[in-house]
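Report on the following structure.
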Amino acid sequence: MSTFGQFLRVTTYGESHCPSVGCIVDNFPPGVPVSEEIIQPQVTRRRPGQSSITTPRNEADIVSIQSGVEGGVTLGTPIAMVVKNKDFRPADYKGDTMKQYPRPSHADFTYLEKYGVRASSGGGRSSARETIGRVAAGALCEHYLKLAHGIEIVAWVSSVGNIHHIPPTPEYPSTHNPKFLQLLQEVTRETVDKTVVRCPDAEVAAKMEQSIADFRDRQDSIGGTVTCVIRNVPTGLGEPVFSKLEATLAHGMLSIPATKGFEIGSGFEGTEIPGSSHNDMFIRNPNSDSDSKNGFAKPKLTTATNNSGGIQGGITNGAPIYFRVAFKPPATIGLPQETVTFEGETDGLLEAKGRHDPCVVPRAVPIVEAMASICIMDALLLQGGRRMAVLAP
Amino acid sequence: MSTFGQFLRVTTYGESHCPSVGCIVDNFPPGVPVSEEIIQPQVTRRRPGQSSITTPRNEADIVSIQSGVEGGVTLGTPIAMVVKNKDFRPADYKGDTMKQYPRPSHADFTYLEKYGVRASSGGGRSSARETIGRVAAGALCEHYLKLAHGIEIVAWVSSVGNIHHIPPTPEYPSTHNPKFLQLLQEVTRETVDKTVVRCPDAEVAAKMEQSIADFRDRQDSIGGTVTCVIRNVPTGLGEPVFSKLEATLAHGMLSIPATKGFEIGSGFEGTEIPGSSHNDMFIRNPNSDSDSKNGFAKPKLTTATNNSGGIQGGITNGAPIYFRVAFKPPATIGLPQETVTFEGETDGLLEAKGRHDPCVVPRAVPIVEAMASICIMDALLLQGGRRMAVLAP
Amino acid sequence: MSTFGQFLRVTTYGESHCPSVGCIVDNFPPGVPVSEEIIQPQVTRRRPGQSSITTPRNEADIVSIQSGVEGGVTLGTPIAMVVKNKDFRPADYKGDTMKQYPRPSHADFTYLEKYGVRASSGGGRSSARETIGRVAAGALCEHYLKLAHGIEIVAWVSSVGNIHHIPPTPEYPSTHNPKFLQLLQEVTRETVDKTVVRCPDAEVAAKMEQSIADFRDRQDSIGGTVTCVIRNVPTGLGEPVFSKLEATLAHGMLSIPATKGFEIGSGFEGTEIPGSSHNDMFIRNPNSDSDSKNGFAKPKLTTATNNSGGIQGGITNGAPIYFRVAFKPPATIGLPQETVTFEGETDGLLEAKGRHDPCVVPRAVPIVEAMASICIMDALLLQGGRRMAVLAP
Amino acid sequence: MSTFGQFLRVTTYGESHCPSVGCIVDNFPPGVPVSEEIIQPQVTRRRPGQSSITTPRNEADIVSIQSGVEGGVTLGTPIAMVVKNKDFRPADYKGDTMKQYPRPSHADFTYLEKYGVRASSGGGRSSARETIGRVAAGALCEHYLKLAHGIEIVAWVSSVGNIHHIPPTPEYPSTHNPKFLQLLQEVTRETVDKTVVRCPDAEVAAKMEQSIADFRDRQDSIGGTVTCVIRNVPTGLGEPVFSKLEATLAHGMLSIPATKGFEIGSGFEGTEIPGSSHNDMFIRNPNSDSDSKNGFAKPKLTTATNNSGGIQGGITNGAPIYFRVAFKPPATIGLPQETVTFEGETDGLLEAKGRHDPCVVPRAVPIVEAMASICIMDALLLQGGRRMAVLAP
């Protein structure tokens, strides 16, 4: 399935070795001021070659809107966006050893098992390049969410290997840490982008950058986590049962290449805390406002704590949504690895010569933001349809 | 959305205070021997009142097949299943305090924000009772998966609070622990059910049970995790990009009430391991078999390790799939909690008098198995459609 | 696929020989006063045994709401509805000849080809009984549409065999006939139900009834058409390209058993009229009203004629929507028919002994209304979601 | 909704006044030899400027495959196709009068009501240009259907105004006409393309062409019908209830701009024939073959007549599928038409100066074939998934 979303539908296409990658965004609202300048920054943040710790491929990745926008305003019709694939360099990927051997922990083997066809890029659609379409679509959604509801979506690198930005402590084993709670309120994309590693704490970021450089120099790789916060979300978003908002967020995040885990609010650590401490007490919302902005009012209540991560019973309660995503160490490494051929008949040694990221999390930041934007926008449109259908008194 | 799945579609209905709960399973294959006896055991494993550490409600929960089965064989038409709601006892939930106050970390507040209607059960569809329909549907799928491909799905309680069945160690920080790897191969539902807490290690289970009893006695609650393994899965399942198998599994799991996290394979711990150690080397598959069983052959390759959790690039590689799901401590506790009314105007004290589970993970085991079964079955049918469409040589 | 609709989703289950038939209606708006009394009348209009020209089976067909309604008001959660199958009498359908031979122009043969399983009812889900779930769901939608927007949906029998209510004439070859245009404005369900054949013109109805009786007495059958009008539809409903409103209406109508054709507005006759005569000129709308009712205002323009049938470019223009549906003569007839066995090996003679309708159109009237209601409601919710998303000025 | 299909999903984008139009085809089978040469011919057949009776716009319409194909073979990943919009000439459409007045029977008014935004093309996505994406996608599907099952899809112009290719006669009021039945077996695309009007009977075609020329010269327009046959369809395609094959065909056909009606098999005429004459008697299939071609065998039975149009109970029976689609006279005509402004305030006269087709049916032929191909392919993949899931004996 190359389509995500129920109301706001994003369909992507493209792999590494084809003329272009892109997407079609269907059911985007009409009358929204939009141009490529809105989209390009996130696509640029995603592209490789931004620093010495990301793969040096210089992909220009210029977004071009094909449809659905006229005179700088959306028409309400599908918005197609295309990014040309400029810098194929397929030879890098296809050394002698590459041809015979499925790369370990890549999708070469599983794509062959699934489709029965060997693509030059191995598992083409599992490549990071596929994510360009989503980032473009996400940038569009994010733009709308900001305009319509002042929604802010910011992701950052919360760990690289065992270097954690705000590690659990005995006093704050989970999300009660005041430093973390303050970060949720204050973190901005500008702060995040101050360091190449995209961690908002310069000191920690320096350690992370050094660690990534070390893994790069050892021709090895390392994983990490990205945390994301969504502020100013209206209440009532998320569809019960199978489209709980945390479920669609988890779906969106785990659809990003190289992800291995997702946790919302208190997450895995929250399983070790008693309910009496974990429960989020309701309090009067100091920012309550019955005047609606684009149809959604600010609620009367909020919570004193936020272990729920802004979602209760699958539905937003108005508090910040935050979640964390785990990214494995990239599978492509320079170190030689023992392997077998596709036929399983001979053993061999695989040495990746291509360009590769020693750690994906810095570049994953805009991808996480994109999928978050798409999820929230879809939930917003669905709830809007319901709200609009309520009988007038 | 009350429907899950793209090809095999499960639609559920019902909340705590209505005549019945149930589901419609669409596109289930024809010609499969099926009866209520196949379904009932998992529904029974889910129901409350099974031990002193689960809520004492005695819900009989008898499944009745309404359609799609004739002469003990599926017709290929929708299979509707119904379970009557016998034991409402709404008074328990609706003491004076309950009426005025939204329960903390429940869905009372968010359901009201979403729908503008107060149901007697608060957040009705967010209740555990809603899961009966999924468990029935999952049992049906599991039955098919076993018959057609010998697929085995087993979940168990891997932690309660800070009591972990197999905790990470300095030597085995992640999923390389041989004890864990052996468990993946060997664990059965029978072993799991030997203890009321549903942990396959009797000694650890006793500690977990004691811990739950302690929280119960303190009128408090505690969270935990459930781990699930799926064995004998054909290769090639999972649809790239937005329907990667780990993404739909994450979606399915996070749609279960009270879940806060999901990790597949090496998960969050895997982010701290170098790629050179994390990569799963391909080896010849000793069980390779080109004779297909119901259309799927056993592959030529397998992996020496399994940090991938049986999925690479979103597609199954034939190794066991395993994942872990985090469940928060139940929000309903006997301890008094400070709160405010729905109007946010007065403070008060909330004391739950109803029946409630001090820890949900033992009863969550069959629900996790159910959602896993539905995910795998859906992916299997989609891949079957693709396989069938490949041009004959 | 047993689900219809994108936002408002109706899933049905059940065939003739199983405990019950029914449906789940998902995403119905919350806060709508609903009870079984709202649903039952249309289900009753659909059931057999209403007159001497319909099949004499006395199916009580009592609708029971299972979920989603509390205190007489919808919760916004799935509404499940069940109707028990009381009067199976499978023997009627399964005489000796029936067992060996696929009934001509029935679905016995195609169901066997599709599923490889022989159900006692032949093509179970193709039976008219399957439509009960839709009629119940449609009644629910119709009730909402009336409350929220004053929408009126009325269908009637426009022809039986070659007896047409308002046949084309040289002067009015198509839909310009003033008598027809007046009917569109005035016809009510009460007028329609004055005759058992459900044609609003008593004189024509008498001829139709006589004709059906004649076919019945000859143990033969005859087809007919049902015309349907939808008044007071807001503008802007219908999603361009693949969900044009006429396309989803056509889909809904052709999903009714025994249908062979659909035409909207001027339809097939309209293909023979010059564009200069066919075009609907815009005029000022005398009922224009910028005050919106439940979010939709009455437009400034309307059209002098209505060959478009209320839909232009797939989107409603506020004029009455009207369309016509063709129903073939029922395949089950008492006359002996030459046939072959399922194996194709021996010729034989098939004589239907069961109860059967000599003409389905009178009972098809509420089914057409139901599918129309579901289509309009789905389009309304989708457009509501879009409208709600438009940026406030 | 810009997506069509459940398994094989086609998403289109683009309107007249944007850089390109195109589509993404998802879930197309892997390993199929494909190139632009396969796609281009149908796109070329669709484009304007092919004769003096079609609009003289010279749109080159060159299809470019962007993804999903490598080394001339499909990868199983999404196939994106793009056609640049070369010849905008928006001035033609935007004379003074055009700006103020909604064109009668166009989508200008309804698009404005729906989206609240005025596009330069009026109802952009309702333009014939949008259909390019579908024709490209349909050509791809048709290519597969031919390779895998020898399926042949041929459409032709069956009427222009009141000039019918094979009109009903008293002897053959419906589809029993031997001339018509023979045509269903024999008609080819080559025969159809021998005349510019695309009617396979040269004599009738000449009359049709003359009639269209007359309407063109009078600055008026005329409608017509297209009939389509699909031969060699496997049995068992079509999903009961809401995705009956005739329902999805009707949906697909009514989603084509300017369509007003659809009938399958005996259609509207069939409603006037007694069941005893309408029923299709089963006979032994002389071409029965239990050896399957790509998984589907030729059935043991066929029918002596084919009033069903190859579909019974929504499922294919192996006989040719045929249906007829009504196209209204084009709304854009040179004759002056009285109208009002968008504001409804002043009356005026509208004179279209742009290029326009006096009759759309010749160019509609490949569009009908495209939608038919997509419908059949989707049904084939769905049934393939089911067939593959049947338990091996």
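Should a chain be cited, it is by its letter among A, B, C and D, assigned in written order, with residues numbered from 1 in that chain.
Throughout what follows, a contact is a pair of C-beta atoms (placed from the backbone, for glycine too) under 8 Å apart; a residue touches a chain by one contact, two chains touch by 3 or more.
All values derive from a computational prediction rather than experimental measurement.
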item: Farthest-lying chain, centroid of Cα atoms versus that of subunit C; value: A
item: Which of A-B and B-C has more C-beta pairs touching across its chains; value: A-B
item: Rounded Å distance, subunit A centre to subunit B centre (Cα mean); value: 25
item: Subunit B and subunit C, separation of their C-alpha mean positions in angstrom; value: 40
item: Set of subunit C residues in contact with two or more other chains; value: 1-3, 6, 12, 27, 30-31, 76-77, 114-116, 125, 240, 386, 390
item: Of all residues in subunit B, those that touch subunit A in their complex; value: 1-4, 6, 12, 101-102, 104-107, 109-111, 113-116, 123, 125-126, 130, 159, 161-162, 215, 220-225, 235-244, 246-255, 257, 259-268, 270-276, 278-285, 288, 299-301, 303, 307-309, 311-318, 326-333, 335, 337-340, 342-345, 383, 386, 390
item: Partner subunit C, residues of subunit A touching it in the complex; value: 6-7, 27, 29-32, 76-77, 144, 147-148, 240, 293-295, 380-382, 384-392
item: Subunit B partner contacts - residues on subunit C that touch it in the complex; value: 1-3, 9, 11-15, 17-22, 24, 26-27, 30-31, 64-70, 73-80, 82, 114-117, 119-120, 124-125
